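Order as written gives the chain letters A, B, C, D and E; numbering starts at 1 within each chain.
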Amino acid sequence: MTTSQTTAAVSNPRPSSQWLITLVGVALLIIGCFLSWSYVPALLGNLSVNFFPGAIQIFMIIVGVLGLFFLLLRKGLFPGAHKLLDSARGLRALSVTAAAFMVLVVIVIGLQAPGLANADPGVFVTLVGALAMVAGSFRMPSDPTVDPITVHLPSWVEILVIVAMLTVVLFGAAYALGQEDGTVFSLFLLFLAGLVVALARAGLFSWFGVIAQRNRRVIMLGAFAVAFLFPFTQNGSDANMSIATQVLIFATTALGLNIVVGLAGLLDLGYIAFLGAGAYVSAMMSHSAFANIGWKPPFLVVVIISAIVSSALGLIIGSPTLRVSGDYLAIVTLAFGEIFRLTVNNLDGNNGPDLTNGPNGIPGIPELEIGSFNFGDTHNVLGIPLGRFANYYFLLLVVAAIIITVFTRLNNSRIGRGWVAIREDEKAAEAMGVNVFGLKLFAFAGGAFLAGMAGSIKAHQDVSVTPDQYIFLESAFLLAAIVLGGMGTVAGVLVGATVLKLLPEKLRFVADYRLLTFGLLLVLMMRFRPEGLVPSQRRALEFHEDDADLAERIEDAHIEAVTPMEGRA
Amino acid sequence: MDQFLQQLLNGITLGSLYALIAVGYTVVYGIVQLINFAHGEVFMIGAFGSLATWTIFFKGQLGLWVLPFMIVGAVLAAVVVALILERVAYRPLRHAPRLAPLITAIGISVFLQEAVRLFYPGAKSALPFPQIDMVTGPAFQAGPVTVRRSAVFVIGALVVCAILLWFFINRTKMGRGMLAVSQDPDTARLMGVNVDRIIAVAFAIGAALAGVAGVAQGLQNSNIDFFIGFMAGLKAFTAAVLGGIGNIYGAVVGGLVLGVVEAMAVQFIPGTFGGSPWKDVWAFVLLIVVLVFRPQGLMGARVVDRA
Amino acid sequence: MQQRSIVRLGVPLAVAALALSACGSRDAGTTSTAGSGTKTVKIGVIAPLSGGLSALGLGIKNSVDLAIKQANETNAVPGWKFELAAQDDEAKAEVGKNAATKLSSDDAVLGVVGTLNSSVAQQTMPVLAAANIAQVSPANTNPTLTQGADAAAKKRPYTNYFRTCTTDAVQGPFAAQYLLGAGIKSVATIHDKKTYGQGLVDAFTVEFKKGGGTVVAAETIGENDKDFSAVISKIKPNSPAAIYYGGEYPQAGPLSQQMKSQGLSVPLMGGDGIYDPKYVELAGATANGDLSTSVGAPTESTEAGRKFLDQYKAAGFAEPAAAYGGYAYDAAKAIIEAAKTALKDAKDVKSARAAELTALGKVSFDGVTGKVAFDEFGDTTSKILTVYKVDGGKWIASKTDTFK
Amino acid sequence: MTTSAPERPAAAAPTGSPVLEATGVVMRFGGLTAVNNVDLRVNQGEIVGLIGPNGAGKTTFFNCLTGMYKPTEGQVKFEGTVLPPKPRAVVQAGMARTFQNIRLFANMTALENVMVGRYCRTSAMALTSIVRGPKFRREEEATRARAQELLNFVGLGRTSEHLARNLPYGDQRRLEIARALATDPKLILLDEPTAGMNPKETEEAKQLIFRIRDMGLAVVVIEHDMRFIFSLCDRVLCLVRGETLIEGSPHVVQSDPRVIEAYIGKPDEDELEEEAAKEDHA
Amino acid sequence: MSAMLEVRDLRVSYGKIEAVKGISFTVGQGEVVCLIGTNGAGKTTTLRTISGLIKPAGGQIHFEGKRLDGVPAHEIVTLGLAHSPEGRRIFPRMSVEENLLLGAFSRSDGSIKDDLQAAYDLFPILGERSKQPAGTFSGGEQQMLAMGRAMMSRPKLLMLDEPSMGLSPIMMQRIMSTVKTLQSQGTTILLVEQNARAALKLADKGYVLEVGHIVLEGTGHDLLHSDAVRKAYLGED
């Protein structure tokens, strides 16, 4: 709070008309939410009760309260703070969200109730409120804001912000997963997206960004704590935990792939084979009746063996294919992925030795047991039951933590620098003495190792392994998680993996259009935001060779980030 | 020996199909150094275009005279889709890092597959392809070798297309322009060659041949489904690399070699690693071996490394 | 610095505290809203409701729906109202497992009808078994599901699993007997390596050889193969009198067509996986004479079957009952039948599940597909099968018999 | 020359002992002979210039020396041992280079670029990097310090955290030199280090090269700017169409008529007379 | 006399680096104009910008009164402006004749055959080996082919980029004399050369480029005898 107190809140002595219109809009919005929206109780989680807002009405109340906050901010209610956020831009996004939301609600009532005759006045009050907000906020001038980098908040404030942020994430996730109704879930997504955009527009996220940059370790620990606590919010229910474990397996595999693609810059289209190799080794060494390897070592040994077999495959695939570059590498890895799939499909005694049980796969893999802890049982912790999937979830969380550590530490080391150099200019890197071949091979083997680890757990979690789980489309999905989230970053991959695994589960009603949207998404991403949603800055630069402004901005941020750290040291 | 000849014929038939598709990879690659990963889907679209033409206009007709219309339908569908792809998806990315067009191509592949699966009536499972009487009737017997009529069509299609292509490239101005762009696009522009148009033409040629291949596949296998593009595309790419990507005749040779290798693998690889289930594995192993030991392919077009 | 490290510790703790305070705030959400005496019991369905096999899956779902509606109309279990809880498995094992998980965490689910595919069942069985929920499949024909991996030492893997259809262990030999009876002594076999296809061919081969036939060639094909020329060329010189194919119609149809256009004009025979109108469509004009076996008598050939089809039609479902409608209907009826004893004195569904399993083992009634009763492995006791023949573009029932 | 040269771990060998001896280097591409039987000997602490018109094979010759190309014939000896044609081995042995068209790692900071140059002199492998023991931290710290030192040396100390692509052209050239120096070379090859520079920058570059020489390094420079070359080098080698035209002191090369011909074109008879007359006049 | 080609305050950047920093020059009808300068001075960039291969960052280019900047390269050729690029850039896997015919790609009149003959007359060796792949030619022969190819579009203005690069003195003189011949036949020529003497000797006008700026201009003869040029290119102090 050093620079922000320069000008006091005297810029708006008199409420302007647009301010008043917006205020009225906010008021109507909130009032409408306390009225009934529809006669039909079965619709959208029962909106038929006056003075007792249902779920989606609460969304709108939150929007209203946030709008009120922005309005008061403009009035200078919080001295010194109005320079920090651009309330006008925030209000605009908020009001558009509210309007879009309400229009959708009206449409849903019209279609599902069916007929608008079933709509109650409340819905229209809120709709009018939203439109008034649009009318008011779009005539509001934007405020100049200060650059967050230049402001240093007291550390306890920063920490509080982080806690608040993570808590919101936890509850948001728990709430989203709890939504069974596809329409409500979609509306929730719209609400969430609108909220995020509004806050981003207002500049809040650049604050978060700066704070996060300064407190990276706190964020990491906090995020891990949130992830760790997630199963405790599920009350022993397996439905969401099952999805959560799948997201984790997918995310950890994608993180492994991100070492190959994001860090070393090698496009691997057959990566799922490494996950498959791990899973198959683990399955063949399990006590399943269909397992064809007699030796049954303890699981921890199996994990290591799976990982080693995978990375050996990585080496085999890597060593010849690294001679070819670019697109060729991509296609050859794809061919290798197919060879893997076909091979496990064939090794059933009919064609080749009886190892993998062919297209039927190896079913009936027993639950994991580490020591006396059986992963299939429900365990009670502090009176909260934790089911089968929660157990696997914790195990996978540990694996994810390992992979994240490996990923970030490799990235910030001599090896990481070597990879960047190779990506930037392979010839120059070689001329500077970087072991290009070795580093590429290491990326392949290392990534495969991690995937093998994840695979060995996946086999038990899935109860069976079959070849059709390891097809090209899965590799494409993994790649898409990285592309969508952002190459070379942990957070990006986690976001990408979550979006790609969670949305199809929750949006069953669009299940048929899932792949179609997926394909379109890839094309659009490459066209408009090739670096992904949460890109590593370097990757963003690589995709925007000509963007000098971006380079300047990133450089400024980098210098800002580095300087105080060195000052402290 | 009889079996050898029979399998040779089977291989050449299969290979002709690969070759027709492979030309599309190689023509586009030769000019923009882009692996149009979605080319397999263009082939699939061709097959469906042909089926749609038949269903809409000629349903129930199985005379030979329908075939040209079906081919036109296939070629039209494939070419239109390919041109849209080029314009909308690839052209804006021409100067982007190489990863971008490749991922775009994957996205397009998935999109096209799904679009056909969802919006083509009945395409959720395999669809029977019209069995033109003359082309699918009883087999000919040439000595010990049984010759399917559809095989005659497939091989014939390749021969005709190869001749037309040769004529186009060597005897027309547009063809010369294409050769020039493939060797040095900048200089070609200095000669007055409209590079954008040439690239579009390359896509169109590849698509047209893929469309013919779509009809061929339908007649040969008696059915098509929305997923045929993936494997066919991968095999055709293998064929293109095998022959030396960028070299059109290489693609033809590569396709034929690949087809024969697959057929022979089914018949002659002894023990449990032979047989139909392994033939794809051998095809891909061949691809990797060629890439590692002779990256320029059999016909030796120079691999352009735009690192 | 001091302050920072304290807070660094504090954050996770604070988040932990907040998170824990959230626990238990969500109720289980299964209490019935209907109130007033009647309690809700759900019968789940896991079947492919979308994708390539959705025609079969939707038929299963609708048939179960029909059985439930009838049970509610007749008030089959007083004080209880049945409800349908259908989940899509997209014919994929992993999706099926999610569906099973979802159903198993719903306390109102008593039994599940499904799945269509044996491979999906392998994934759903353990999940449902853990929750003690009965699973009755109308369509899984893989013997190992009920009898374990080792055919020599049969052992039932999951006691919650039952099925209303006969297994491949019966279909294959039945086909062998039919061919031998028709005077065909030499065949070539082809299968797609999947449990179903391989199981059929294995069982067929044993019986066929026992009856004095010879298998002149045994080939396999890959699951994505489209062009069978090479395999056909390889078989042809052995001049078999018929081909026995283990697999499903998407490959069998084109295989038949390509065989015949390549001059190998002998009938192709398969299991219920090729007994589908699509097979005839794909195999084209040369399919006449091709054969298939299928479980049970043709639905429309029996009194009960015709009645079922009429009721199904009257219920106005958008999709036809398809091949497994009758079996699904019987499966649902078996669950309802068992529920009559299991739910009688139960206070909630969860506590009735164990009783349901016991009761299921003992049901015995005349269903649409014949007598519905289960043996000690959970397999149906009825072993009626039918051979169908392609004639004029349609499957025509050629012979119905009880397998001995 | 106020900046003190960073310490070099290798003890300075007496000036004059040969560092690099290339003999009979031939490089053919298909039918084209780009480099034909060129010899080059570079001694400790010597600056050697390589000149010649465009397309004379200078850069190709560089690539042969640094292992980027495998020469068709001939051998490259470094400190008495024959070098394998692998860039990494060449760098390891102590020969570093810059590029004609700057090839920096554009999206890395200046400091990171130089740190990449330290790659071959550091050893942290995967496990060390993941576990991060004291050894790793020491090495990382040392790498960073050395890189900063080199940036200071070339005059980029203040811009260490700037992205390479944002640096002005002249600074990019200097950064490339710093990156090459980070490999602890005994010989540094500079490919047109002043191309595109203004006279002031060129002069600074010259001073920088002198300072590098003063550290005990041998330097080989390709350059077109004749003034620059002749005022910088101890010895100049002129390549024309892949062959050595002349080798000698700047003075000798400068006045060689064949060099003038190759560069400026052969004066006609009358012009020669005209020139002679002028010279007399002066 | 109004200039045939007029370049005004032309600026070209590659990313952040400005290669040409605002140069202006003119080429009059029938003239030979040469741009000289060291490597990296911006000569080639200037030519590539004029012929439309690079988009300028600023400034204007007029050719016979028409504005060229922003017009795609393949249309510029049809206006009568040919560019023989640096390093010759012939199509190595095509025969001589095919190379030459490509030069006439933008034309569709009937007299292409005549021009082919004209090119063979200009360089008889091309005629002798018209079916041979151009990649097998020596540097000098390739340069002849490149010039012949450029002439096939019947240009009003011919831009030659470093035609003497890597050529033996005899071959170089041969090329230079051809330039003279072409000029005498009515073609205007814009020449970029590193071999300053040869270029300036036949140029009507010359411009000296240094790091993206024009530092000196004048008639060929004046420049040839200016001290600055002698210093820059001979290293004489």
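Here, contacts are C-beta pairs under 8 Å (C-beta built on N, C-alpha and C of every residue); 3 or more make two chains touch, one makes a residue touch a chain.
What you see is a predicted model, and the numbers here were worked out from it, not measured in a lab.
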Contact-graph distance - origin chain B, target chain D: 2
Any chain in contact with chain A as well as chain C: B
Length of the line joining the C-alpha centres of chain B and chain E, rounded to whole Å: 43
Chain centre separation (chain D, chain E; CA means) in Å: 32
Rounded Å distance between chain B and chain C, as computed from the means of their C-alpha atoms: 39
Centroid spacing, where centroids are CA-atom means, of chain A and chain D in whole angstrom: 48
Two or more partner chains touched - positions in chain D: 165-166
Where chain E touches two or more other chains at once, by residue number: 15-16
Shared interface positions of chain B, touching two or more other chains: 275, 277, 280
Residue ranges of chain E touching chain D (in the complex, touch as defined): 15-17, 38-40, 87, 136, 139, 162, 165-166, 168-169, 172, 194-199, 201, 211, 231-237
Residues of chain A that touch chain C when the two form their complex: 155-156, 159, 162-163, 166-167, 170-171, 174, 178, 217-218, 221-222, 224-226, 229-230, 232-233, 235, 237-239, 242-243, 246, 289-290, 342, 345-346, 348, 350-351, 358-361, 363-364, 376, 382, 384, 388-389, 462-464, 466, 468-469, 505, 508, 511-512
Sites on chain D touched by chain A in the complex: 66, 68, 87-88, 91-92, 96-97, 99, 103-109, 112, 115-120, 122, 124-126, 129-130, 132, 136, 139-140, 143, 161-163, 165-166, 179-180, 183
Chain B residues touching chain A - in the complex, by the definition given at the top: 34-35, 89, 92-93, 96-104, 106-115, 118, 230, 234, 237-238, 241, 272-273, 275, 277-278, 280-281, 284-285, 287-288, 291-292, 295, 303, 305-307
Sites on chain B touched by chain C in the complex: 2-3, 6-7, 10-11, 13-14, 124-126, 128, 131, 136-139, 141, 146, 148-151, 217, 220-223, 225, 227-228, 231, 262-263, 266-267, 275-277, 279-280
